[in-house]
Amino acid sequence: MKIVMAIIKPFKLEEVRDGLTAIGVHGLTVTEVKGYGRQKGHTEIYRGAEYAVSFLPKIKIEVAVSDELVGKVIEAITAAARTGQIGDGKIFVSSIEKAVRIRTGETDGDAL
Amino acid sequence: MTLKTSLRSGLAGLAFAATSAGIAFAQATTETPAAAVPNKGDTTWMLLSTILVLMMVMPGLALFYGGLSRSKNMLSVMSQVTATAALMCIIWVVYGYSLAFTSGGSMTSFVGGFSKSFLAGVGVESTADTFTKGVVIPEYVFICFQMTFAMITPALIIGGFVERMKFSAIMLFVLLWSTFVYFPMAHMVWFSEGYLFTLGALDFAGGTVVHINAGIAALVGCLLIGKRIGYGKELMSPHSLTMTYIGTALLWVGWFGFNAGSNLEATGTAALAMINTFTATAGAALGWLFIEWTVKGKPSLLGMLSGIIAGLVAVTPAAGLIGPMGAIVLGAISGVVCFFFCTSIKNALGYDDSLDVFGIHGVGGIIGSIGTGIFVAPALGGVGVADYAMGAQVWKQFVAVVVAIVWCGIGSLILFKIVDVVVGLRVSPDAEREGLDIAEHGERAYHP
Amino acid sequence: MTLKTSLRSGLAGLAFAATSAGIAFAQATTETPAAAVPNKGDTTWMLLSTILVLMMVMPGLALFYGGLSRSKNMLSVMSQVTATAALMCIIWVVYGYSLAFTSGGSMTSFVGGFSKSFLAGVGVESTADTFTKGVVIPEYVFICFQMTFAMITPALIIGGFVERMKFSAIMLFVLLWSTFVYFPMAHMVWFSEGYLFTLGALDFAGGTVVHINAGIAALVGCLLIGKRIGYGKELMSPHSLTMTYIGTALLWVGWFGFNAGSNLEATGTAALAMINTFTATAGAALGWLFIEWTVKGKPSLLGMLSGIIAGLVAVTPAAGLIGPMGAIVLGAISGVVCFFFCTSIKNALGYDDSLDVFGIHGVGGIIGSIGTGIFVAPALGGVGVADYAMGAQVWKQFVAVVVAIVWCGIGSLILFKIVDVVVGLRVSPDAEREGLDIAEHGERAYHP
Amino acid sequence: MTLKTSLRSGLAGLAFAATSAGIAFAQATTETPAAAVPNKGDTTWMLLSTILVLMMVMPGLALFYGGLSRSKNMLSVMSQVTATAALMCIIWVVYGYSLAFTSGGSMTSFVGGFSKSFLAGVGVESTADTFTKGVVIPEYVFICFQMTFAMITPALIIGGFVERMKFSAIMLFVLLWSTFVYFPMAHMVWFSEGYLFTLGALDFAGGTVVHINAGIAALVGCLLIGKRIGYGKELMSPHSLTMTYIGTALLWVGWFGFNAGSNLEATGTAALAMINTFTATAGAALGWLFIEWTVKGKPSLLGMLSGIIAGLVAVTPAAGLIGPMGAIVLGAISGVVCFFFCTSIKNALGYDDSLDVFGIHGVGGIIGSIGTGIFVAPALGGVGVADYAMGAQVWKQFVAVVVAIVWCGIGSLILFKIVDVVVGLRVSPDAEREGLDIAEHGERAYHP
Amino acid sequence: MKIVMAIIKPFKLEEVRDGLTAIGVHGLTVTEVKGYGRQKGHTEIYRGAEYAVSFLPKIKIEVAVSDELVGKVIEAITAAARTGQIGDGKIFVSSIEKAVRIRTGETDGDAL
Amino acid sequence: MKIVMAIIKPFKLEEVRDGLTAIGVHGLTVTEVKGYGRQKGHTEIYRGAEYAVSFLPKIKIEVAVSDELVGKVIEAITAAARTGQIGDGKIFVSSIEKAVRIRTGETDGDAL
């Protein structure tokens, strides 16, 4: 099994979720994060104090999937999250050794 | 300037008017049978009422609207409301008061003149007439009270197109709209020589001038600028109903200044306007609550709050004219009708009147205006007016509504078009996505 | 209806009463030595006081309570307060005012009649007596002022069982409790023929009717419904002390309408009630602050805010009757005693009076009621009452407290049981876990 | 004590003063030509004004300051403001009122005496003079009104050193500073025998006593305690501009009590003070808005809110003395100058006056004080004073400013040093990092 | 070493923490997340606008442990977090190659 | 490629970011988390209710880097985040198998 972690633009979440559902992935976990990268931030001014804010709001998605599905998941996320502008985000894939569904105790493939 | 007192006594509690008694007497000392001196109870009441209406604008309206917006636009909404209020303060004393409350010569059916520009001739001794013969209040407090009305009305409009209009466009629009739509409407309704005043349409505290007027302008604006990006697809839920709650509560609290203060005196009629502002509002809140509970299955707080506003809007023209039981009914009708309008009809028509300015202020204002003609009937507990006949009165109310819709509709359309040409109405899609707080104001509302 | 003026002058500033002078005179023109006309200063004062008490309810109380709840229940708390307020508006004008402030014939020691149902016979000319012979105010404003008391009292009760009671249960309970507990208690204390009025128990602004009454009902309610799931185990910290702060501040601000407004006139006694409402509150805030600093090691803001409420509650029955120095002492006692009650005794007893309605309103109300009998002594800086003897007066105060506890305790118990049978008191465990905002109202307070 | 009426009539609307008429008459019945009775309209106005100033302190100022702080210090800011307010309530009735508003014998140019300690001799019949001969208000309400000024002034100072000063240090400082700086300054400016009163410096509502005084003390405090850890490096953005917005709006709303209430009567001059409190504020808000838009490229909400405060501060000494057009100009000047001070000069000098108390209250107060001497000129629309000459008047204003700066500067320096020795000014670096809410008060503001 | 990531119901956090402490795990990191899966969400209505909300509040726990402990950790979490109702959550296990304690520079086993 | 996850004290974020930029790492993702460990928490009191709060605010940083850089990244983070007091946090390193830049579709090394 693999866990696919994707950092995307916040307003793309619904589309990505729909894209994943379309290929049969029905579970995922979402975290609000802040990203730093090439995309430039903005300046905030509060009276005399100016701050260059370089961390931008992003959404992190984590999806655990079987090895076979990884390619399709990457494709689905890429397709849904792409705007073509800097800051669209990244996808990182790593292995997981074990998965458990807490409710039933099912493991691995059955747990997803 | 003087008021047609014969008319006024027949229409007690109907409309505003100011005379600068101090100045009049300074010029013509012959006819002075001792200048009327303000009663300090009345003066205090009007000072208080003015303060209350300011509290409606800020923080009241700013929080009500801001809470309903997304957090990335919170500051922009509050900025728009606040800058509008500040701008109207200045415009009002420079020429607005004069355009609304002086004689306009040959144009006086529709608009006043410039004789009191820069408050020329007004001093601490100047007074304004109330609706009771011989009872006056300091003119400065009358100017301030009316100023707060001029502050809140354009601020109300903003709700129709929050989260996407340029700050500069709003500033320019407010300047133009107050000049060409608001001051003339105020003159027509509240000044003794104005068209709707002389017609005899009833409007105790400004249903036509404030609510229908703002509702129509918001509708025109949201139709012209178009929907928000993602409207109907993305979650656009209120970012803080707590803020909307505070705003609504302060609007209710302040509305007693608006409605009962419009009596200009601290009398039993002010107390009647107060009790109606309680019972109509409660009726509308419960009306929306129970209809929503029935139709949607759950009674929401936002529903109750929307009902509160719908009730307050509807009772505005009627406040000192109807009875407390009539007010419950009027409020309940407004709550239920506005519910259907905001939840069904708007969706069916498919435009994005973002904070339902038309759906509540426009629709509620029309219900209130027509309803005033009905519930003023002594048979229905109202105080009555001279020579009252329900049909005739409702007709006058209807004419006033139509005049407001037409004047404001056409005027707003033209003015929005001008603003669009001059500075452009809408921010870029990127700015809209990022939120106006950062894009237009360089700040964020919250840093948790 | 008329007041026993001999009694009233002996108990100046003690209790409310209304006569519809306008109507009375219309019927019996013989005895009219010129109908009393309201002073506009008084009328303005009562309009203002009414507005202030509304502000106490919303946003004041709603924020105070809401901030102390978890964010998943924020809207439910605000909904309960608001719907209670709206419902009481309607009930009050329909029959509540009549039950409280008219003669109840043979039952008049305990409750009034229905002669002013639907505000029959009340008009803009009707007046209500104040405590000064010959001084009247418009009856509509008296009705409104008393209405706000009827709005806040049942809303206070809600704090005992937030986060778990059904919205429908609260609505039904408020309807029943106001009818069978509040209106009778108000009649007993404030109407000239009521049992506690004739007894001579002192209660300047409603310590018995409002605070003890609400405190007892909340205690009964929280005992019957039981603890919140996870109480004592999970973190149930206030979701926003900022909201609680705003609420407390507005409660203090509004309480001047409550206390000084209860004088019904803008006189030096109103100013005395004001200064006491400052000093008692400050004394209680500092009392709680320093005792907590000593006992727990840190002075908390919530402690200071709790002290503020404890002081305001304690000074309510005493406001226009004691001196400013006595008020400091009374406030400080209330702050310290309520601190020990809320932090130690409640934990020892182990019930979940979620927002300490009994611990602050009940306990503080009892302290205030008894304390009024003591600090009214001219020797202690109080204004005194005719034939004052401390022992006798404290006894009367004690009787009033006991009557309130018994009447309200038994009444509330029966009514909660009825509500439990009819609609059920408590939401399902799942709904409680999820939060009442989504489960009962279909909304969430915050979308950051 | 009596007022020099010859002076007062020449300086109408200039300063406060109280006589305890009731008591005076009790002692010397010979000279009583019927004791003056308060007008109920005036009494209501002063009750209202007092309530409004309390609302400025809490929730107004607490939210304004709290919102500008980081969320980990929110409760500490609100605690400091609230405890200061409560403490001042008690000090004021114990000896503060006496030190400010009684004759101080040989020291009376600088400070009063102890004759009214514990409000000795004040009762419900006692009255205080207004600026109109023969017009009085209940002394209790005068005491309350002035009490709220004594509550807000030390609370303002806190903004200079939030997020790092110990709670205990603040409590001790407030106790000392009010005794040795505030009460003497109030006596000098507002009491008929005080140095600045007799000099003829104009200060309608307390620009010197309240704003310059607080601004200087804050500057001294922030210089002594030093910068916050991370100042200039870490993001120290306001945690909730929404709270700052509510605070600002309520400050504006309440400021009508502060400014127009300082007239002590509900007259045309109160209405003039009101309209100026509108127009100067609007002028300053737009002034800051447009200068920031031009210089920084974006108009910020915080800029507009800062402008509002700058305008309110500047118009405070001028409120009932200048005309509405002069007020616009005075406000706009204050907005623009304070903008440059807070954004450029402060950064250049490099100290951490955290919430710009000096930059807005100090600077705006000085502009207002000097500006009052200019815009009071009848030629500029002002009401004028007897024997007005601009140069001479500006000189008097300048002297008053210098006296305030010197007295308060030296006094504050000494008192801060004493506090530093006794309890220490600053919390530990760990406590500062963690936030004062947890470190000092054991609570957190938000649990989302 | 392994890192165990568990998605659980928010109100189970204290119990899970206690369960882990009981087996000698004294460090963990917690994140507020939103989960999408079989558990159905709810509907929110704001005036005319209805939203089906399918992301539910969950808590993500991350615990780094030595290889031997993994089994016990899974057991402890499962035992404490189970309610038996849909939405109890998942556990995912993956390897970590290195661990460092920033304060001391200790690595791997010593760093946990 | 590796993903380095570091849990640090919140006020150290800017310094860590600067430290990473200095060694040529120009992208990272940041999450607000709560940590439980040896560092003791505090007690909160709300009227009668006392709570021992053992979860403390921390910042989690995730940086994907090429294998060669890992050592320097660990060093940079450790240097910047260390205060020497309990609670400075941890660094965990694991492998990632694939990285994708959503905007361009570039993968692995090119995606970072």
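Each chain gets a letter, A, B, C, D, E and F, in the order it is written, and its residues are counted from 1.
In this text, contacts are C-beta pairs under 8 Å (C-beta built on N, C-alpha and C of every residue); 3 or more make two chains touch, one makes a residue touch a chain.
Please read these numbers as outputs of a predicted model, since none were measured by experiment.
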Set of chains adjacent to chain A and to chain D: B, F
Chain centre separation (chain C, chain D; CA means) in Å: 34
Euclidean distance of C-alpha centroids - chain B vs chain E, Å: 53
Centroid spacing, where centroids are CA-atom means, of chain A and chain B in whole angstrom: 47
Residues of chain D touching at least two other chains: 39-42, 44, 48, 235, 237-238, 240, 246, 296, 298, 300, 302, 442-444, 446, 448
Junction residues of chain F, two or more chains touched: 31, 44-46, 94-95
Listing of all chain pairs that touch each other, if any do: A-B, A-D, A-E, A-F, B-C, B-D, B-E, C-D, C-E, C-F, D-F, E-F
Residues of chain D defined as touching chain C within the complex: 38-44, 47-48, 50-51, 54-55, 58-59, 62-63, 66, 74-75, 78-79, 82-83, 85-87, 89-90, 93, 118-119, 123-126, 138-141, 143-144, 147, 167, 240, 243, 246, 440-448
Chain C-facing residues of chain E, complex: 11, 14, 42-46
Contacting residues of chain E [partner chain F, same complex]: 3, 17, 26-31, 64, 94-103, 105, 111-112
In the complex, chain D residues that touch chain B: 39-42, 44-45, 48, 52, 70-71, 235, 237-242, 245-246, 249-250, 252-253, 256-257, 260, 265-272, 274-275, 278-279, 281-283, 285-286, 289, 296-302, 304-305, 308, 324-325, 328, 383, 446, 448
Residue ranges of chain A in contact with chain D within the complex: 44-49, 51, 53
